Amino acid sequence: MSQSEPTITLENTEGRTTRPSVAPRIRQDQRAQRVFFVITLLPVFLIVVVTIALFVRAWPILQAFPLTDLLFGTIWKPSEKMFGFGPFILGTLWVTVVGVGVAVPPCLLAAIYLAEYAHASTRSFTKPILDLLAAIPPVVYGVWGLLAIVPFVEDMLAPLAKRWLGGVPFLAVNQPTGFSILSGGIVLAVMIAPLVISVVYEIFLTVPNDLRHASLAVGSTQWQTIRNVVLPQVMPGIVAAVVLGASRAFGETIAVLIVVGNVPQVPTSIFDSAYPLPALIANNYGDMMSIPLYDSALMGAALVLLVVILIFNILSTLVLQRMLRRKWA
Amino acid sequence: MDTHIQVKNLNVYYGKQQALKNVNIEIPKKQITVIMGPSGCGKTTLLKSFNRFLELTDGTQITGEVLVDGQNIYDREVDVTEVRKTVGLLAQRPSPLPMSIYDNVVYGMHIHKMKKDRREYKAAVRHYLEIAGLWDEVGKRLHDPATGLSIGQQQRLCLARGLAVEPEIILGDEPTSALDPISSQNIEARLLDLKQQYTTVIVTHTLRQAKRLADHVIYMYMGEVIEAGPAKEVFTNPKHERTRQYLEGLF
Amino acid sequence: MGMKKNYWQRRHLMELFMKTLMRISLAGAAASLGLILWTVVARGLPALTWDMVTQVPKGGFYMGKEGGVLNAIIGSLYLALGGTLLAMLFSLPIALYLKTYLGSSKWGQYVRLSLDVLWGIPSIVYGAFGFTIMIAIGMRASLLAGIIVLALVELPIMVRAMDEVIRRMPADLEQAALALGSTRFEVSMQVVTRQMLPGIMTAILLAFGRGIGDAASVLFTAGYTDRIVTSLMRPTASLPLAVFFQLGSPFPEVQQRGYASALILTIIVLAVSFGSRWLSSRLNKYTIK
């Protein structure tokens, strides 16, 4: 600590007096700032690199066939050079829509309850449960789906639908097993629930209490207050939360893969099997190298997945950042 | 004296902290009662016990009775929304709902389905905006967002919104503390106009405002009611030492 | 005065109805956790033997004969540990830079946006990306490749979780340190890091939990092998993939071992989750609130 002796030296040109140990500290600060800055650019950089890399690898297939043929073609026979992503894209869409459809109503209600009605004790009881739900690995969700949801769909929902909902579109039972879009959707719904609930909950907290009180003061019930005053305020955020949940569901691979059946067909009912894009990539990666263009096609599939998810994510995150700005301050 | 609100043995706790200690008072009908006292003495707590706003805070405990026209509003069978319809509140900060001026006034009437058709609603909006002294300023732009109004106008809008559900009692929680002097005067004038028809209870921390408005005064200190009575008596001849000190501006 | 509650009034019925629906929904969300755990325990426990956690697969394991998934357990621990350490190396500077230099400025918003977007990219895409790079540089599926891709998956989770806690640090504390003449770098290293240690630990464990359970990203990058991995450049088994492959088997005994493996994975993940909760509640005592 000899440097901290009060020997004052004039070091910089403005003539400010500084202790000798200060200059290195400031240099250290500046160096750290530069290093930190570069590292911080990494995430931004990474998004670009991932996109470019997939694009480069998908380039051969994009050149070989017109984009519309790839996206809307319905025949997938790599050995005969037929690469129609149609069934897979539709499969992903079906599973995502069903998953989001199953998840959103109860998640919204649960989030509203937590934000508007629940006592502090209920909230502190619920939080760890949601955390645990979010922590369970996808493959365990898959096991649960296989053991609980697939039989449930096969033995309960499908027979019920067959008996009572015969002519209803999208609900026809065309196959005997429970490996179906509905099973995938139910599993996805539980998987995205913690995310949707916590985001919606946070958005509700941004509405100032003054507004609720203004409504309650003229004698409205709590639900009337939520309906008429709070909900209109948080609507954009709810939409963003749903889109965020949808993009999570869109890219989920293993859990869906295990329960959805993986039949490359254009689905017509939620009781049909489907073959989502992520499952296509995961299932075929090992044996694609021998067939020309196959690996490029799979990278194309990953690219489609990435682009859709990037768009969903950027839009919803922008809305949420704006709505939760008070939190950022 | 015709009593409108009667408070019996009211105790309020926020968690472990006692905010009101065994309060027993009566509030006269169709007069202005002013609750005053140093900050933190429980004025607002007492006021908000009249429209059951205390229970909006987690961990509040209330014992005792608040009788409005002889009915204990904390009774199990009582409809809290009816209580709040009967007992209107003008908040400390104006809180216009994020909708148009028109929709703000109509809000409570819609909630209670008080009118039959659009025409009746329109007429009612005009009526209450006139009572609140706002019609001349906003009558031509009813469908503009309420948040675009000046803060003084916003408070008068909130008054109109409160009156539109036909309450019998108006509570004011320092309703002018966020306003400029002219807007404050305006609100005070409205309250004086309205006292023929409504029982009014105002919380204030400015003695001068209390003197301008009060027919009846409640003086509180540390969660207790120290003195209550007709304004003239309390202001000219306070019975308690503490009240006298407060009136003389000693604290 | 008509203050008595009329429960049959439409708005009161509506209130009751909505509140009931909400309670059912919340209970349903909570119950689904119970259902999942119950299913995994009920079906996994019978097949969970001592051999499962102490043996590697022996000959005929995939037809229902002797062996266990120790190779996958060890592999997963290596993968997740490596991925977490690597992610930490970058996460901490990013989180600190966000806090001490960017704050809630426009650049801060951009970086957070890109982190959130990264978080949203599915792990199968990271896996495909990793594989692409591996082909380009001539690398084979290995522990190292798996670690790198897992680090990518974990990075945004870790940074955002750290960011959330670091942001909650009282501003006066930082300003007090700055006022005493510390540079901002010193503030981040000493004050922020120390004060936020519990939160940072929680973030790291959160990312670790996510990493150890991720299957899609290691599918093409880490490979699979029946032996316990001994080198960074060799392929390794992992627990999620062990579950996945065993489920796909036609032999019921193997499927049941898949359930048992899922149970092992669940136990590890829950332990990490509870561990972080316990740790943060303990460490919290030593910081100013």
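Every chain is named by a letter (A, B and C) in the order it is written, and numbering of its residues begins at 1.
Throughout what follows, contacts are C-beta pairs under 8 Å (C-beta built on N, C-alpha and C of every residue); 3 or more make two chains touch, one makes a residue touch a chain.
Bear in mind the structure is a predicted one, so any value in this text is a computation, not a measurement.
Participant: Would you mind checking which pair of chains has the most C-beta pairs in contact?
Facilitator: Answer by contact count: the chains A-C.
Participant: Using only Cα atoms to place each chain's centre, name the chain farthest from chain B.
Facilitator: Using the mean of the C-alpha atoms as each chain's centre, the farthest one from chain B is C.
Participant: Give me the ID of the chain with the smallest distance between its Cα centroid and the all-protein Cα centroid.
Facilitator: That would be chain A.
Participant: Compute the distance, rounded to whole Å, between the mean C-alpha positions of chain B and chain C.
Facilitator: Chain B and chain C have C-alpha centres separated by 52 Å.
Participant: Take the average of all CA coordinates in chain A, do the same for chain B, and state the distance between these two points in whole angstrom.
Facilitator: 48
Participant: Cα centroid separation between chain A and chain C, in whole Å?
Facilitator: Averaging C-alpha atoms per chain gives centres 15 Å apart.
Participant: Which chain B residues reach two or more other chains?
Facilitator: Residues 81-83, 86, 111 of chain B each touch two or more of the other chains.
Participant: For chain A, jot down the residues that touch at least 2 other chains.
Facilitator: 220-221, 224 - these are the residues of chain A that touch more than one other chain.
Participant: Scan chain C for residues touching two or more other chains and write them down.
Facilitator: If we look for residues of chain C contacting two or more partner chains, we find 11-12.
Participant: Would you mind writing out the residues of chain B in touch with chain C in their complex?
Facilitator: For this pair, the touching residues of chain B are 68-69, 71, 73, 77-79, 81-83, 86, 111.
Participant: Can you list the residues on chain A that touch chain B in the complex?
Facilitator: Residue list for chain A touching chain B: 119-120, 210-211, 213-221, 224, 228-229, 232-233.
Participant: Would you mind writing out the residues of chain A in touch with chain C in their complex?
Facilitator: 25-26, 28-29, 32-33, 35-37, 39-40, 42-44, 46-47, 50, 53-54, 56-57, 105-107, 109-110, 112-114, 117-118, 126, 128-133, 135-144, 146-148, 190, 193-194, 197, 220-224, 244, 247-248, 250-254, 258, 278, 281-282, 285, 298-299, 302, 305-306, 309-310, 312-314, 317-318, 321, 328-329
Participant: Note which residues of chain C are touching chain B in the complex, please.
Facilitator: 1-6, 11-12
Participant: Quick one: which bits of chain C touch chain A in the complex? Just the residue numbers, please.
Facilitator: Listed in rising order, the residues of chain C that touch chain A are 11-12, 14-15, 18-19, 21-26, 28-30, 32-33, 35-36, 39-40, 43, 90, 93-94, 96-98, 101-102, 104, 108-118, 120-126, 128-129, 131-133, 152, 155-156, 159, 167, 183-186, 206, 209-210, 212-216, 219-220, 240, 243-244, 247, 258-259, 262, 265-266, 269-270, 272-273, 277.
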